[in-house]
Amino acid sequence: MGILVAATVLVVAVFFYIADFLAVAPPVLAASTQNGASTLTLQTVPAYGHAPEPDWVTYLGLDSNGHWHHTTIYQLPAHTLVHVTLYQFDSASGLRNPFLAQVRGTAGGIASVDGKSFSVLNGDDASHTFTVPDLGLSVPLKGVPAGAKNPCSAAPCALSFDHTTIRFSFVTPGPGVYRWQCFVPCAAQFFYGFGGPMQTIGWMSGELKVV
Amino acid sequence: MSASAAPGIVPEPEDSRLAAANLVVGARLFASAMAFVFMAFVFAYFYLKAVDSNGLWRPSHVTPPQGYGIAILVCILGATAAFELARRGLAAGAGSVAMLALALGLSVAAVVLQLIAYLGGMSFGADGGGYASVFYGWTAMFLAFWLGAVYSVETMLATAMRSAREAAAADEAVEALQPSADATMVYLYSCAGIAVLTWVLLYLIK
Amino acid sequence: MSTTESPPPTAITKAPRFREQLIGFHLLWGVVLAALGYFVCHWLGTKIGNHIKGQTATDQDDIAVLLGFLGATLGWLIGLGFFNYPLSRMMGRPASLIEGEEYGVWRYFRLCTDHKVVAVQYFVAVLFFFGVGGLNAMLIRGELTSDNATFIQAGNYLTLVSLHGTMMLMMMSAGVLGPLGNYLVPLMIGARRMAFPRVESLTLWLTVLAGFMLISAIFLGGFPTGWTGYAPLSVEARAGMDAYLFSFALIGISLCLVGLNIIATVMTMRAPGLYWNRIPVFVWGMVTTSVLAVLAAPVLFAALYMAALDRTVETTFFLASNGGSPFLWYNLFWFFGHPEVYILALPGFGIVLEILPVFARKPLWGYRVAVAGMFGVALLSFMVWQHHLFVSGINANLRPFYMFTTELISIPTGIIFLIGMGTLWRARIRFTVPMLFCLAFFFNFLIGGLSGVYLSDVPSNVTTHGSYFVMAHFHYTIMGGLVFATIGGFYYWLPKITGFKLNETLGKIHFWMMFIFFNLTFFPLFAAGLLGMPRRVSSYNPSLHGLNVFVSISAWCLGLSLLVFLANIVWTQLLLREPAGPNPWLSKSLEWQLPSPVPSYNFERIPVINSAPYSYGIPDAPPVADFGTPARLPGGPAITPEGGVL
Amino acid sequence: MSAVGAMTDGAGPDVRHGRRILIIWAVANVIFVPIVIWVLGPHIPPYDASQQSTDQHNVNVVLSALATPVLLMIWVYFGYSITVFRQRGPEVVDGPPIEGDPRIQVTWLAATTVIVIALAVYGTVGLLPSSAAGAGGGQGPNPLSKPPNAASALQVQVIGQQWLWTFRWPGYGGVQTPYLVLPVNRWIAFHVTSLDVSHSFWAYELGVKADAIPGNDNVAFVRPTQLRSFQIRCAELCGLWHGHMNTTGQIVSQSAFDTWIAQARVRYQGVTQQLPPYSHVYYPAPDQRAG
């Protein structure tokens, strides 16, 4: 009798278990491709502002209809030049390893911030990075200067809020799944700044699905 | 899924000394387990002290509240001694309520003093380096174990008071207490030993 | 803490009606009060956390979560009635040892002091959590059919691996001590109860709570550390880590108390005539395991407590930048962790050596050496823990020492093989299902043990450390060893526990499936490790893809074999219910001389033991025990075989 | 093994079982030990890209050759027993009541003790400075097993962080690189450390594994002997991308290495200025709760 009850509970519990795991994958956002080049438009916000984690810092992606999606899994075509535009609404918190202030792996080895191109940033000015270690691609993102008058507090952030705009281009490799992440310890209130959003796909870590 | 007793079978009763023997063995085993808990803290103390990571084992401003340390130690040793006297009184067939009450009072005083020290007597916080971590972790853990001692002493006192009131003969009252007294004594001595070690490592040695 | 008198075990009276049962202390109220306790204390913890704002390690309000767990534990224990007795003792009322034994079927859902009831509760609980852990493994293998995280995200994969590891370690530590230890130790030593019946029940209900608390980690964001919980990764993790810390600590307490209870029982409650050299070898297995549990679990408890302090009040035990050291966690954890590995091996030795003589129809070959071997394993296991840290950079100069002590363990382990070989020599072997599992134990444990030699050798360890080689090694020793032995033990003793036969044919199908697919699952993983696949990864070198797909398919078949086991239990124990009779295996051991199932008082009179229970083939051997004569004359009792009180 | 043969003495007149088992075991050894050494042996990792991995490969072959007779002994014995000593049919018959034989037990204990001591000595020799310099394992800040003239070894700092390996070259102006390129036939001293949680630096083909622990300088020596690439992985669970913390290293000639490092110094000039001064351990801010 007891075993029968236990077996029933087991089946139910495991069902919820599996459901819980499979339900949490963020959606895949495909970059729009025209004339042999892709465009990927992203933004970073200091606090998501909504459930389940309103305090967490996060990336968002823009689809071809102009809607922002809360995801970090982006689909790109293989062997294609990708133009990335990044609207950066967070303030600087500094790199743990200043080496990542170097721009690497982009077209020309440079990126631009608010129209000015650069190849090395001051590590303390970095708010986030967009880094794909397997591709050798890494771009530090300059933070909004301290004391901004009009900070954004909830995603998605309109361009009327204080922000910096970072642009760079890179060429995708052959098909595969490449993880990317941010290297700035920007998870507020987590030890080393590296818990929570930094360790959760859909926030500050994600995948590039090259097809 | 044991079956019901067959009707008519009355199992032979158990010897009452068995439970007493169990208690003493159990108390000794529990004391050894407790010793290993604090062995972990002793290891942490000496290991972190030896490593002195980032030079932050014990910054100069980190000094323990010496007054509280002595007072707590005295309360614990006093409670243990009082309980020992009560136990000897029991063995001699005398009343023990007064000594048990003293032991209870002193053991509660140790708890109260430690709490006051936490709330107002500390010159450093838990984040003050290796020593501060060991200090807070160790003393709080000891406090939890000491609450077990308080419970035991209280139980003894309550049993002594009730049996003095209800028992027909003094012998019966003593018989009800003796085995628990032995087991509690084992536990109190172990706690007292750890309290001395606590004081030596955390308060005495610089 | 204190009891003085013990009334005689009473016969079961008529159980109260269902409606009367609802009011009282049992599982239902345990669940309700646990939930209530969680929310009240979580609210309180939030207040405290706000009060010392800026002193929380993460934004996951760890203080509130941990206090919530504490509240849940208190509520659970209050609801189950564990505080009634201490409170009545604090009021000075007299001691008692019996509780809840008169409640019929309801005994199984409340605090009950009958050791046989607790053992059955343990059996169900362990089976349940073993099932959950096993299904986790199935999901893990599902994910590993691809060389990159696809079907489960990388972070969730780590949570899955951590849950599997922690759940299995937690539940298998209790997997033999709980069900078989609690059931058999009193029966084998001729006692009516365990030394501390209420503590026995407490350990069970703590284990059940700990299992569910661990599962609750997925609702708190999971935890990424595996069962080893390495700091400082554990310090920066989300609140799921608190579930790991708290539930593992509860298991630590439970394990320590189980061990304490078993040792005290064996020391004081042996029947007259049961001298130390007549104690069944299974009981020795339980005693040596208990020694490890009593001494190692407290260190785990202390380490988990330190990690919890690091996460809540910002102590810095494990933070190198602030005067702590990650090595502190490694040392404390493995000081527990290595004895824990033998907590997962010694019960297996005990079961196998107990069952082997029955089906070989021979006395146990070298009884004293077997016991010495078990104690040797137990003692040595406290001296080897740094072999988990050979490449960590701590005490590199001590590596030869730990290499030596580690390899020394193969001497007492080798003894177990010698005993097995000696017992089989010119035996009359019957291939029953329990015997098959025992023989498979030797096959698997041999491979596990020999692969351990590679790991203990420092130059070889440099490659194999932290790889799938380690993972295959400990699955061979724990799953191939302990789990095979335990399942063999269940096939052997379940007819005694329930009184109903298990099906032999289904049992043999189960055995062969499990044996074949176990080896097909884990042997290739030695190769995966040597070829460079680290543990706990959801993406690996594509060249290992074929190997992993093969392993996954084998693993699912291994999972199916356990469904056969479950089906066998459900069919024969719940539906068919064919009486097994008192002694279906013709064993000479004491527990088989009693009716199946065993009556609640075990022995009408405490028996007088005549010999060790292995006198097979000895022509005029006396019966193992004398049940007829009164063990004790009124007023002239003998408590221990030596005739004195300890 | 004599233990098996002697067992018959206590067992009674039937001595042929022991002899048969011994013969089967001997034959099996003659067949399988050479197979393990010469057929399987060359395929046992981690091959021969460096002096250390060659040593580990040899150790693995030796251990396999030693394990085979033990494995065969138990298998042959159990296989023989369950075939020959099997009770067929339903009846239950008791076997001979043999309760043990001290001579066999002592022999067994002596044999296992000798094997264990031999293994321990063999393993310790594998760590000696002259031969293997710690066999590629991490030895902490003050290594005892050092190669000859360790001071002239090429110093490489391996920095683990969540989730990236970077490499710092104190002999080349403290430049930091995201790739690892090493000269062939030269002693390398890896100084492994971490900026956050624990990692483990595993250069698989080189036979190097050293845990990266915050606040600790873990030294491991290696001497590459082949021009080839090698895999670098993380072997200690370190969070989300633990399984992706991979990169590929290269072993090149000394001149190619000199060219590469010179180019790297120029390329990372700008960022090198920002790096903290070279140190064996780092405690970078924010070391506590960021926010």
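Order of writing sets the labels: A, B, C and D. Residues in every chain begin at 1.
The working rule: contacts are C-beta pairs under 8 Å (C-beta built on N, C-alpha and C of every residue); 3 or more make two chains touch, one makes a residue touch a chain.
Everything numeric in this text was worked out from a predicted model, so none of it was measured.
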Moving only to chains each one touches, count the minimum steps from chain B until you reach chain D.
-> 1
Would you say B-C or A-C is joined by more C-beta pairs in contact?
-> B-C
Centre-of-Cα separation between chain C and chain A, whole angstrom | 43
So, what's the distance in Å between the C-alpha centres of chain C and chain B?
-> 29
Chain A-chain B separation of Cα centroids, rounded to whole Å = 54
Distance between the CA centroids of chain A and chain D (whole Å) is 38
Residue numbers in chain C touching 2 or more other chains?
-> 57, 120, 149, 154-155, 224, 232, 236, 314, 319-322, 325, 327
In chain B, which residues are in touch with two or more of the other chains?
-> 53-54, 127
Could you tell me which residues belong to chain D and also touch two or more other chains?
-> 196-197, 215, 239-241, 244, 283, 287-289
What chain-chain pairs meet the touch criterion?
-> A-C, A-D, B-C, B-D, C-D
Which residues of chain D touch chain B in their complex?
-> 215, 283, 288
Sites on chain A touched by chain C in the complex | 1-4, 6-7, 9-10, 13-14, 17-18, 20-22, 24-25, 55, 176-177, 179, 188-192, 194-196, 199-201
Sort out for me which residues of chain B touch chain C in the complex.
-> 1-7, 9-27, 29-30, 32-34, 36-41, 43-44, 47-48, 51-58, 125-127, 129-134, 136-137, 141, 148, 151-152, 154-163, 175-180, 183-184, 187
In their complex, what parts of chain B are in touch with chain D?
-> 53-54, 127
In the complex with chain A, residue positions of chain D that touch it = 159, 161-164, 166, 176, 178, 195-197, 239-241, 244, 246-247, 268, 270-271, 274-276, 284-291
